[in-house]
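Two complexes, one shared chain (chain A), two partners (chain B, chain C).
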Partner chain A sequence: MAKAVLKGAGYSLIHTPNFLEHLGTTQTTELKTNPNSEYIKTLKQNLRSYEDVLNYLPNQVYIGNLHPDELKKYERPFCIAEYKNGTRYGQFGEIMPEDEFILLIKCADVFNLVLLEELFLNNTLEVYKKHPLTTENEIKQLEGKGSELTEIENAVNNGAEGIYFANKLVGCVKKAHDIDQNLSSHVMIENLIVKASATVALKHLLAQNKVDMESIGYLIECSEEACGDMNQRGGGNFAKAIAEMTGIKNAGGCDIRAFCAAPTHTLIHAASLVESGIYDHVVVVAGGASAKLGMNGRDHVKKGYPILEDVLGSFALLISKDDGVSPRIRTDIIGTHKVGTGSSPQVVIKSLVEEPLYRNNLKIKDVDKYSVEMQNPDLTSLAGAGDVPLANYKMIAALAVMNKEIERSDIMDFTEIHGMTGWAPTQGHIPSGVPYCGHLYNELTTNTNINRAMIIGKGSLFLARMTNLFDGISVVVERNTGQKESTSVSKEEIQKLIAEAMKDFASSLLGK
Partner chain B sequence: MDLENQKRIKDLTEKHRAENIIVVFGAAEGELTGLAAETVTVGDPTYAGCLTNVSLGLAVYHAVEPTFKAACQPDIYEEQIGMMEMILDVDDITNEITTIREEHSQFNK
Partner chain C sequence: MSVFENKKYILIGDRDGIPGESLRAVVEHIPGSEVVFATTECFV
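Then we have the complex of A and B:
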């Protein structure tokens, strides 16, 4: 069977300082447990402007305006870099401002739960109409749909979740059920944010004109939220809701959940659906996690920097049948962290890197680039958790040392050659393996020395309190040689297979 | 330190008594190790969890520090931790955990 290919990738960030304050769990927890803390008191003055977010180097890498290697030229933290060339739109997507995104939350709502103040809606809509990907349907959903502020205030006083912009109440999300916690206003706003933010990345993917929208057969959503009601908490289906909102009419879809590892699991599922011939085009899509906004904010502020986790992330990948050009997804080189593998970093990395490569007669250094958890190191280092991608690259290098592929003194060189500086926001599934897919497509379809990459997803399952098992999965993506894979079997091979089967059958008759 | 982990450690300490508990960390950074070790000795420095202003004084060790390594079976240590020991800043982590242990642990030093 012909391998599936990675045909395109869309990525978007949404600057959300007000959602950070009202939905980020670090902030909401602090407000409950320590409401008079210095962090809460000074929160607003530690938030970044939209312009600062545009000029933040890792964000420009995320949307494809800068190559990941550009980050090596700057000192850290990147937030002090004198970089002023940031733009809203990039090769893969955009960095959307909060007010325009709030309109999309209303577009995502099909149960009349979202109210937006009339003046805010009208003024923002005039700006949003100039967006290159605004649709007539969106405008129809918004025009003349504003509400009185008093109605919004009353709703918030009765349990609706407020929507704020520039520190003012501009709207709300009402609860979808009187007593069902899974349809509470808080859960509804989180889920509508997933749906709306995923749509931004998906629209940018579709705008690349790599596929006719009508020919997309299936979507799989792989974020970390769950939509459902009290009888089926994670019933789903974000994927079809996102497809509907984007106007993809001929596709089915479902959600896959596996914590941060979900995107890589989903990439493999999508490739399998295409490789098996079930669908020609499958989209992998995910929205952002509002709960994680400002997750390490206290530490960033403590070190004298602004709160840097101020963007939602989203992405959409197009997995298609082999076109002879796009990078091939090697479903025969997959590393699986199995139930019996164990949880120490050593055995995890062996199962994800060493096992699949050695099984396919490849060495660890035969993979030109590893895409691991590509967290922007500013976000974690300033919180005392170090540089996550670098720690992963060191582990892969140490594995190569243990297997005598490289010398111990070559560990740092290995991380330099086979690794990258991270650029993705710490949104769980967003930085996990897949942020590289857009840049990887470029590397593997142009004249570079990158021919093979491994995408690695890892997840911490203990967070759901169902198991203490770790999770991880990896897959290799390679340059497309344009040659068709041999799918026919020769006459000699058939004769050999029949002879072996006859021999086995005879042995079984003789009771051997 | 994760709020739920703080609660679990507090509950275990109440059940088994502080002198019978040793906390072994696996954090990859000295700073993070120090913060976590501080939480279970003098209290949560972030004032977010149930160990805020609660001084448990527990014994704290890290999986890559020589004292802990010496207490392990060498072949199992090599199989489970050898690779991480190769790449972590063992000196930094050891300094952090030793400082907290000597200053704030009240048992099993």
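Then we have the complex of A and C:
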């Protein structure tokens, strides 16, 4: 069967300083447990402006305006870099401001739960109408749909979740049920944010005109939130809701959950659906995690920097039947962290890197680029959690040393050549392997020395308190040679099969 | 006798480094050790 290909990628960030304050669990927990803390008191002054977020180098890499290697030219933390060329739109998507995104939350709401203040809605809509991907349907959903501020204030006083912009209440999300915790206003706003943010990236993917929207057969959503009610928390289905909002009418869909590893699991599922011939085009999509906004903010501020986890991330990947050009997804080179694998870093990397490569007669150094968890190191290093991608690359290099592929003295060179500096926000699933897919498409379809890459996803299952097992999965993506894979059986193979069958038959006659 | 023997341990692992359960597996081999609490934290 012909391999599926990675045909396109859309990526978007949404600057959300007000959601950071009101929905980020670090902030909401601090407000409950230590409301008079210095962190809470100075929170607003430690938030970045939209311009600062545009000029933040990792963000420009995320939307495709800068190549990941550009980051090597700058000292860290990147937030001190004198970079002023950041723009809203990039090759893969955009960095959307918070006010326009709030309009999309209302567009995502089909149960009349979202109220937006009339003046805010009208003024922001005038700006949003100039967005290149605004649809008539969105405008129809918003025009004349403003509410009185007093109505919003009353709703917030009765348990609705406030929506703020520029530190002012401009709207709210009401609860969807009187007593069901899974339909509470807090859960509803988190889920509407997933839906709306995923749509931004998906619209950018579709705007690349790589596929007729009508021919997309299936969507799989792979974020970390759960939508459902008290009888089926996490019942789903974000994927079809996102497809509906985006106008993809001919697709089915479902959600896959696997913590941060979910995008790589989902990429493999999508490739399998295409390779098997069930669908010609499958979209992998995920929205952002509002709970993780400002997750390490206290440490950023302690070190004298602004709160850097101030964007929601989203992405959408198009997985299609082989077009002879786009990078092929090697579903025969998949590394699986199994139940019995263990959780030490060494055995995890062995299962994800060494096992699938050696099984296919490849060496660790035969993979030109490894896309591990591409967290921007500013966000984790300042929190004392180190440089996550670099730690992964060192572990892969150490394995290559143990297997005598490289010398111990070559470890840092290996990390330099086969690795990249991280650029993705700490949004759980967002940084996990897939942020490279857009750049990878470019590398593998142009004249570069990159011919093979491995996408690696890892997940922390212990967070759900169901198991202490680790999780991870990997897959290789290769340059498309344009040659069709052989799907027929040769004459020699048929002769061999007949000979073996005859031999077995003869043995059975002889009673052996 | 090493400084690690006969001690009570609070073990905090990192999901991207050494997990708490791996730390526990090592510490439990130390004579007289007692793991009071072991966890793995996720910063991402």
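In the analysis below, the second predicted complex is superposed on the first by the 501 of 512 C-alpha atoms of A that agree within 3 Å, B and C clash if a C-alpha of one lies under 4 Å from a C-alpha of the other, contacts with A are read in each partner's own complex, and residues count from 1 in each chain.
The rule is simple: contacts are C-beta pairs under 8 Å (C-beta built on N, C-alpha and C of every residue); 3 or more make two chains touch, one makes a residue touch a chain.
Predicted model only: the values in this text are computed from it and were never measured.
Enquirer: With both complexes superposed on chain A, which partner does A:Pro345 reach: first (chain B), second (chain C), both or neither?
Expert: both
Enquirer: In the superposed arrangement, which partner chain does A:Asn296 touch: chain B (first), chain C (second), both, or neither?
Expert: Only chain C; A:Asn296 stays clear of chain B.
Enquirer: Which partner does A:Ala397 reach: the first (chain B), the second (chain C), both, or neither?
Expert: The first partner, chain B, only.
Enquirer: In the overlay, answer first, second, both or neither for which of chain B and chain C A:Phe92 touches.
Expert: Neither partner.
Enquirer: Per the contact definition in the header, classify A:Asn468: touching chain B only (first), chain C only (second), both, or neither.
Expert: second
Enquirer: Quick one: classify A:Cys260 as touching chain B (first), chain C (second), both or neither.
Expert: second
Enquirer: Quick one: is A:Gly386 in contact with chain B, with chain C, with both, or with neither? Answer first, second, both or neither.
Expert: both
Enquirer: If I apply the document's touch criterion, which positions on chain A are contacted by chain B in one structure and by chain C in the other?
Expert: Common to the two interfaces on chain A: residues 344-345, 385-386, 391.
Enquirer: Help me check something: in the complex, which residues belonging to chain A touch chain B?
Expert: The touching residues are 29-30, 33-34, 37, 298, 342, 344-347, 349, 384-386, 391, 394-395, 397-399, 401-402, 408, 411.
Enquirer: Looking at the complex, which residues from chain C come into contact with chain A?
Expert: Touch residues, chain C against chain A: 14-19, 21-22, 40, 42-44.
Enquirer: Which bits of chain B are touching chain A when the two form their complex?
Expert: 3, 28-29, 31-32, 34-35, 46-48, 79-84, 86-87
Enquirer: Where on chain A is chain C touching in the complex?
Expert: It comes out as residues 260, 295-296, 343-345, 373, 375, 379-380, 383, 385-386, 388, 391-392, 426, 428, 431, 460, 462-463, 468, 470.
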